[in-house]
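Two complexes come next, and they have one chain in common, chain A, joined by chain B in the first and chain C in the second.
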Partner chain A sequence: MKNKQKYIYPLIAWIVVLVIWEITVRIFAISPIILVPPSQIGPVIIDSFSVIYQQLSFTFYEVIIGWSLGTLVAFLVAVSCFSFKSLANLLTLAAVIVSAVPLIALAAILGGFLGTGQNTKTLLVAILCFFPMLIVSLSSFTRIERSYLNLFRTYQASWSQRFLKLILPQSLPALLNTMKINTVTALTTAIVSEFFGAHGGIGQFILSRKGFYDLPMVWAAIFYLIIATSIFYLIMNMLQKFYSHWH
Partner chain B sequence: MKKAEPQIILDQVGIIYNDYKIGLQALTDINLTIAPGEFISIVGPSGCGKSTILKIISDILDLETTVLKGKVTILGKTASEARQARNVGFVFQKPTLLQWRTVFQNIALPLEIIGISKSERFQKIENLLKLVHLEKYANFHPDQLSGGMQQKVSIARALAYDPPILLMDEPFAALDELGRRQLNDELIKIWQKTKKTIVFVTHSIEEAVYLSERVVILSKQPAQIKKIETISFPYPRKTIFNDLEFFKAITNIRKLLENEE
Partner chain C sequence: MQEQKSSSTSMLVIGLVVVVLIGLGIVYLAKKSPDKKSADGKKDKIVLQLKWVPQAQFAGYFVADKKGYFADENLEVEVRAGGVGINPVDVLVAGDADVAVAWTGNVLPAIAKGEDIVNIGQGFQKSGMVLVAKKKSGINAPADIKSKKIGVWAGGNETEPFAFIAKQGLDRDKDVQIISQAFDMNQLFNDEIQLASAMTYNELELVYENGYKPEDLTVFNLDENGSGMLQDALFVKRDYLTNNKDILVRFLRASMKGWDYAVTHQEEAVDMIGMDFAANDVTARPHQIKSMAQVAKLTIADKGTSEGLFYIDQTKLANTVSIAENFVKEVKEGKKIDVNKIYTQEIWDEARKDVKFSDYKNL
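Right, the complex of A and B next:
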């Protein structure tokens, strides 16, 4: 019963928004260049699936490879140097400083010497996922309570035993959370960097369609983008829930 | 009673801070010998370094901030060798259980690390659960247990690899009066069954007198051993609360400590 309500209310809210949108456009006779009514977007959504799917998969290649790469490399860097306290502190400081640079602005420059190809975007996504993951990994690996470390010392545990049985399980909730938030970061990065010039992808697609005032198509692209992002996010969310349940 | 060879020997042991409190002495001239199977408690003003003595014996002292003086001998070895041979079990003030593991899996932890086979592990853990009366809670997670039960799991875990020496750092400090009494009685039973040497740090004089055969009284910093009281009441000591001598012993120790404040 409660579960049903959880889905029914948001659904009703969405329908109400769409109805108000439609009525507003008709009553005030708003030009389709400014705002397209949902009744015009609907059919385009259905017709354009294969076109948009092609563009989305282009972008998601950048997102998924970049996200995985950034996450994995950050994790490995953190694992290999968190035992060295001063190195870990230095890295954290460096990561915080670099994170303060609006990296998305670098997309324009990066395109200049790396080209506007897919790999440039993948790299940018990787870089933007790398720093939050590095900061969170380092801080959670080094923030284990002293008494737990002492406990493992009395067991004469090896480095890998201490890492696998204590530090990693203790840090996993924070790591999974960062990975989840990074999914959104990755997507934003990919799309915005496509705005600065690309050979394909949903960002470039939206920009060019907007140029032709094909607004129903832009809305359709946004619609599929929301769905694709939600799926990616939900997969990470499920993984996190599954883990904390088993945990 | 036959006097056995001492198991733990602290010879002129002292601690000097090496961090921002540089040069400050925490412990000085500690001479203490502990026989196998003995139950000994350490009391003293708060912050005097009671727990530090346990850290010295178990070789988990933070050597970045402290310098150790004197000689520590455990079962004829240095403290570091004794730790490497896993001769010492430690029960911390907080239960320090791994929240994602069940009671059973928590007790299994040291056995997994040592590399004991699954079947042998199972047998040992069953016995330990019986020893601490937690058979029914094997599949519970720590956050589903009371503080006292969590601390019993922690004791069982420390006993899992069968170290001859058990160090306990104010293990029952966070419990209420009744829970603490109950666990004190259980601890005496565990001690009598397992014949471990127990070094017990507490800030409760009553608890120290109730539990142990000898009570070490430390002075304030730089802490020295002020006196070692022998408590000769026979075990079990459940009826001790009717005994005036018990309260006299407590008062004696309290007076010694009050002079320190």
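Right, the complex of A and C next:
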């Protein structure tokens, strides 16, 4: 019963939204270049899977590689630096300052000397994922409760024992959370950066189709984008849940 | 259990209310129109949406504002800048602007989708768009573009390059590679693309400013190549036109005066745009002055001189429509376009009566 409710109510809500959307567009004769009804989007979603898939995989290459790279490098930098307190503080400060800059503005500049190809976008995604991950890693590595650290010291635990058995397990929930939030950052970055010149990808596809008022195609692209993003996000969410459960 | 059920029901009701409110919001946004009167209630208000950011391309409208030509017509004109992701046609159709400076190539796909948008005055008498390649990329003639990387500005500015490609008998999806072009020319400079979109009054000048000589470059003038479309016309929605003829006549008259002044006092006009001129790029003052010279050429070309500024050349408009219908599949697949229904000479005829244009022969 409970499970049934969990799925039925959102489903009803969605159907209601779609019906109201459809009726609103029809009754008020809203221009097809502003809003199209779901009945026009549905068939395009089915017909244009392969076209959109091609663009989406172009963008997801940037997203997955960039996100992994940014996360991994940030983690490694944090691991190698956190023991040196003043260096860690300095890095955190620098990262916080850089994070305050709307880095997406880099999209327009990076294109100037690195080109507007897939690798530039990937790099941009990596940079945008790097800083939050670095800040969170450094702060969680350096904020382990003193009594635990003292205990490990008392038993003369080595650096690696201390890191693997104490610091990492303690920090993992925060790290996983950042990685999860970064999936959205990565996607936004990739899409927005494609607005400033690109060789392909869902961002420039949407922009270009929008320019020809092909709204059913734009909505279909957004539909698949939501699905792809949700899958990526849910995988991270499951990983996080799995870890906290097991922990 | 009972309690849980009733709370779910109330959640559903709240959800429904939210959805209805969103629906009403959409309708409001889709149906609203800008205020008709200025704040003091004395002047008629008009919102003008530009095609792009303020620059020499729109100098005449800023001159009309600064020299008080709009005020003389008892108009308060709010000039809205365009930019990345702002399509003037969308803004017009959504009712956020009364008049839009738009490219015919960007308007035709909307008309082919059933929009009733009307040209009331033709700003530029021909297309200012060129496609430019470095000679060393092997592009010397239109036929050489096969399997090359071609830059276009995504979001409604692709119709002319797309027509150019189709005119060479090439399929833009298979025979060439379409790259979405950034708003500088770096992709051309570092050979990321071989053929780039450029405006005579902006990017082409930028290429020369970066040290390229005309003899290093192949420039396809789209107007001369039969794939150019009329640009920077004043478009309004049909219902606005029907109800506000008098306002539009006054607006066009002031714009004619503004543009007449801008093409005859180019440096002064550039200074009236209200740009910062700070950066050493396309926004720099020397660049904008060169740009203004090119813009003036497009404005006074052909019928712009013989008939007067903003004259709508029927033959050229018909030509633009036929290029779009023959070479741009988005227009071809849409509703058949009747040239006589997408412009009116009426506003121009009325506005023209009280304007004395300068002599442009010596420019």
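Operating definition for what follows: the second predicted complex is superposed on the first by the 247 of 247 C-alpha atoms of A that agree within 3 Å, B and C clash if a C-alpha of one lies under 4 Å from a C-alpha of the other, contacts with A are read in each partner's own complex, and residues count from 1 in each chain.
In this text, a residue touches a chain if its C-beta (ideal position, glycine included) is under 8 Å from a C-beta of that chain, and two chains touch if they have at least 3 such contacts.
Quick caveat, the model's predicted, so the values are computed rather than measured.
Of the two partner chains placed by the overlay, only chain B lies in contact with A:Ser147; chain C stays clear of it. In the superposed model, A:Ser80 lies in contact with neither chain B nor chain C.
Judged by the touch definition given at the top, the superposed model places A:Ser39 against neither chain B nor chain C. In the superposed model, A:Ser230 lies in contact with neither chain B nor chain C. When chain B and chain C are set side by side, the one touching more residues of chain A is C. After overlaying the two complexes on the shared chain, residue contacts for A:Thr116 are found with chain C alone; chain B is out of touch. In the overlay built on the shared chain, the residue A:Trp21 is in contact with chain C alone; chain B does not reach it.
Legend: residue contacts after superposition of the two complexes on their common chain; A:Phe196 is shown touching chain C, with no touch to chain B.
On chain A, the patch touched by chain B and the patch touched by chain C do not overlap at any residue.
Against chain C, in their complex, chain A makes its touches with residues 5, 9, 12-13, 16-17, 20-21, 24, 28, 30-35, 108, 111-113, 115-117, 194-199, 204, 207-208, 210-214. Within the complex, the chain A residues that touch chain B are 145-148, 150-157, 161, 165-166, 169, 247. Across the complex, chain A is touched by residues 55, 58-60, 62, 83-84, 86, 88-90, 92-94, 96, 98-100, 109-110, 112-114, 161 of chain B. Listed in rising order, the residues of chain C touching chain A in the complex are 8, 11-12, 15-16, 19-20, 23, 26-27, 30-31, 84-85, 87, 89-90, 93-94, 106, 109-110, 113-115, 151, 154-158, 177, 179-184, 186-187, 190, 192, 330.
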